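Once you scroll down, you'll see the structures, which are given as structure tokens.
One chain, subunit A, links the two complexes that follow: it is found with subunit B in the first and with subunit C in the second.
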Partner chain A sequence: MIADAATGVALALRGEGDPYALSRTLRQGDALALAAIRVLGADALAPYALGHRAGPGGEDESVVREALAAYPPGVAASDVSVWSYRGLIEASHAFLNGGADGWPRPPEAGAGWIGTDPWPRLSHRASQLAALALPGLAPGLAEALAARTDDLSRGFVRAVRRQDWLQAAGLGRWLARLPEVPPTLGLDGGLAFVRQMSGGDARVALHVVAARRFHGRGW
Partner chain B sequence: MITDRTAPAESVTLTAEVENLVDSAEPDAVFRDTRECGGGLLLLGLLLISPPTPRPKTDAR
Partner chain C sequence: MTGGRGDPALLDRLVGDGLGWLDGARASFRLPPDVTTDADPNTTLKPLGELAELTELTRTAHPRREIRERADALFAFAWQETGEGELFAELIRGEPRATYPVELYGIFAQAGLRHAAVEELLVTTTGLRGWRVAREDHTRTLGVLNAERRIGLPRHAAADAEFAHTGLGLLPEPWTLDRKAAYGVTHDVFHLTDWGRARRRLPAAHAGYLRLWLPAWLECWLEEQLWDLVGELLAVTACLPDAPYDAAAWQRLAAAQTSDGAVPETGTATRSADPAETFLACYHSTLVTVFAGTLARIAATEAADGPAAAGRPPFESEAAP
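So, the complex of A and B:
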């Protein structure tokens, strides 16, 4: 179901298929659909970032509220889980036009790891938060990651060499948003290579399409 | 009365799966450092081109 939802989002970002409606792909009341929204995070609402925003109080808003209520980060949740949850709330505020009322309060997410993690671990964590690379989301996180652009670039190359295409695509998407990516990295060709080699993985395709659509990177 | 005894267990399992998918462990893979590979190739090449170990002659004629 996650792959189907990711494919629907990627199609919408490419401008193909019917006009996107989250609640048509992932329906209310279905536990698996709500889980898929939580896993995709802000990406579940990515097509609305193109300007076709959903109206307030619609079914999309209801299904996102249900997902947020069903899968809040637990007491022992990791920083990545908290950031991802926070990203879904931020995206809801930004793209659903529903106002700030009635949404869960964004939890405080730890950010110490961004400055202290060794580059391989930082790269792994950042790639899992690639949905937050949507324009305008998590500006503080983006700024902190920008200070470690070289480390993320190393992580991109490492992920490609390990054939970890999902991590490579997530890192490539972050690098597409960051301002000072080394030109010697070959990010555009790298993203195309990752998409080609991933064998049609839906989440990889989503990251690559998002990097292209929102930041103009990749072929 | 029929009670669905599996529902809470499934819900807990699904919650755990969601957490695992949101923050999954890095898959095992091999990352080979170019310098290490170069060193390995050099060693292999030296072994291949090295002369054979001298053996004592066993010709008893």
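So, the complex of A and C:
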């Protein structure tokens, strides 16, 4: 179901298929659908970032509210889990036209690791938060990651070498948003390479198409 | 990875223990009587050539005298094994177009150990048009050009132009590097910089490229525990201006060294009952570790005291190869 949902988002970002409606793929009342929304995080709403926002009070809003209510981060949740949850709330504010009213308050997410993690661990975590690379989301996170652009680029190299295509795609997507990616990385070719080598993995394809659609990187 | 002084005690232990193991392995480095005819060069000439190439820098430039002396004794042993150069005359007569006798002789010639008949032969064989026919790859050609420079022969091609076509010269996307390409990059640096003696020959753009991507490559091959490549990448790191010191990588390499000083080529040491097998599994990585540890030690000394303090003969400092 996650793969199907990711494919639906990627299609919409490419401008293919029917106009996107989250609630058409992931329905209310379906536990698996809610889990898929929690996993995709802000990406569940990525097509609305293109400007065709969903109106307030619709089924999309209901299903997102339901997912947020079903899977709040627990007290022992990892920073990545909290950031991802926060990303979905931020995306709801930004893309669902419902304003900030009535949504859960975005939880404070720990950011100390961005400055202190060794680059392999930093890269792993950042790639798990690639949905937050959507334009305008998590500006503080993006700024902190920008200070470690070289390290994230090294993470991209390592991920490709290890054929960890999902991590590579997530990092490539962040790097597409960051302003000073080292030119010798070859990010554009790298994103295309990752998409083609991954053998059609839906979540990899989603990251790559998002890098292309929102930040003009890759092909 | 941090700049700065490194960990001289750890580096000296690595190098000293490695030299100790190599010294004990002299019997395995000895050339058999059929070295110029039937013997497998990969188990005879190659190890001896590496022994000479990778101990030469240590014997001349390591900051600690006792380490220089141990390396010097091994280097002298290698020259003795070549019959003080007579071996190269035989090899060249047998294969006048082959580059390896020239590359091997160059190691000794640079140290002032020469053989009159070899010098005479080389003027002829390397002066032929046939000598300029393209070799198997640009990295190898850089090696031949470095040997020509060491011996004092006219260089058969332009080093800059050759370098531009190598796996480092082209600055390939760093994520495309596979194992073979990684060895290519390390040797591009070694040949271009005369094995770390002329580090400023590395163009600034390429030094910047290496500084950026070496940590990623090192991590990949540390995870694979491919210790000889780890050592080569650390040696390249030590060739960079204001060489960074990757303390974690050095500690992991040190942990791979066995108590007798050997560094296995890959994984953890499996002691074979057959000394020949152990030798072949360890000699290369151990030599590379000695070489890399020497370069890192020189870089650490320079960081602490300035360039004049490192090495007996001052390093070449000008850019022109």
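Rule of thumb we're sticking to: the second predicted complex is superposed on the first by the 219 of 219 C-alpha atoms of A that agree within 3 Å, B and C clash if a C-alpha of one lies under 4 Å from a C-alpha of the other, contacts with A are read in each partner's own complex, and residues count from 1 in each chain.
Simple rule for what comes next: a contact is a pair of C-beta atoms (placed from the backbone, for glycine too) under 8 Å apart; a residue touches a chain by one contact, two chains touch by 3 or more.
Predicted model, so just to flag it, every value in this text is computed and none were measured.
Colleague: Sticking to the clash and touch definitions up top, decide whether subunit B and subunit C on subunit A clash or fit.
Modeller: clash
Colleague: Check whether A:W119 is in contact with subunit B, with subunit C, with both or with neither, and answer first, second, both or neither.
Modeller: A:W119: touches subunit C, not subunit B.
Colleague: Answer with first, second, both or neither: which of subunit B and subunit C does A:T184 touch in the superposed model?
Modeller: Only subunit C; A:T184 stays clear of subunit B.
Colleague: In the overlay, answer first, second, both or neither for which of subunit B and subunit C A:S153 touches.
Modeller: second
Colleague: Is A:R162 contacted by the first partner subunit B, the second partner subunit C, both or neither?
Modeller: After superposition on chain A, A:R162 lies in contact with both partners, subunit B and subunit C.
Colleague: Once the shared chain is lined up, is A:A35 touching subunit B (first), subunit C (second), both, or neither of them?
Modeller: first
Colleague: Can you check which stretch of subunit C gets into subunit B in the overlay, out of 42-50, 168-176 or 204-212?
Modeller: It is 42-50.
Colleague: Taking the stated contact definition, name every residue in subunit A that is touched by subunit B in one complex and by subunit C in the other, in rising order.
Modeller: 158, 161-162
Colleague: Which residues of subunit C touch subunit A once you look at their complex with the stated criterion?
Modeller: Checking each residue of subunit C against subunit A gives 171, 173-175, 177, 209, 212-213, 215-217, 219-220.
Colleague: Contact residues on subunit B for subunit A in the complex?
Modeller: 10-11, 14-15, 17-19, 21-24, 26-27, 29-32
Colleague: Across the complex, what residues on subunit A touch subunit C?
Modeller: Contacts found on subunit A: 119-120, 150, 153-158, 160-162, 168, 182, 184-186, 189-190, 193.
Colleague: What residues on subunit A touch subunit B, complex-wise?
Modeller: Contact set of subunit A toward subunit B: 2, 31-32, 35, 38-39, 41, 71, 73-74, 77-78, 80-81, 84, 124, 128, 158, 161-164, 167.
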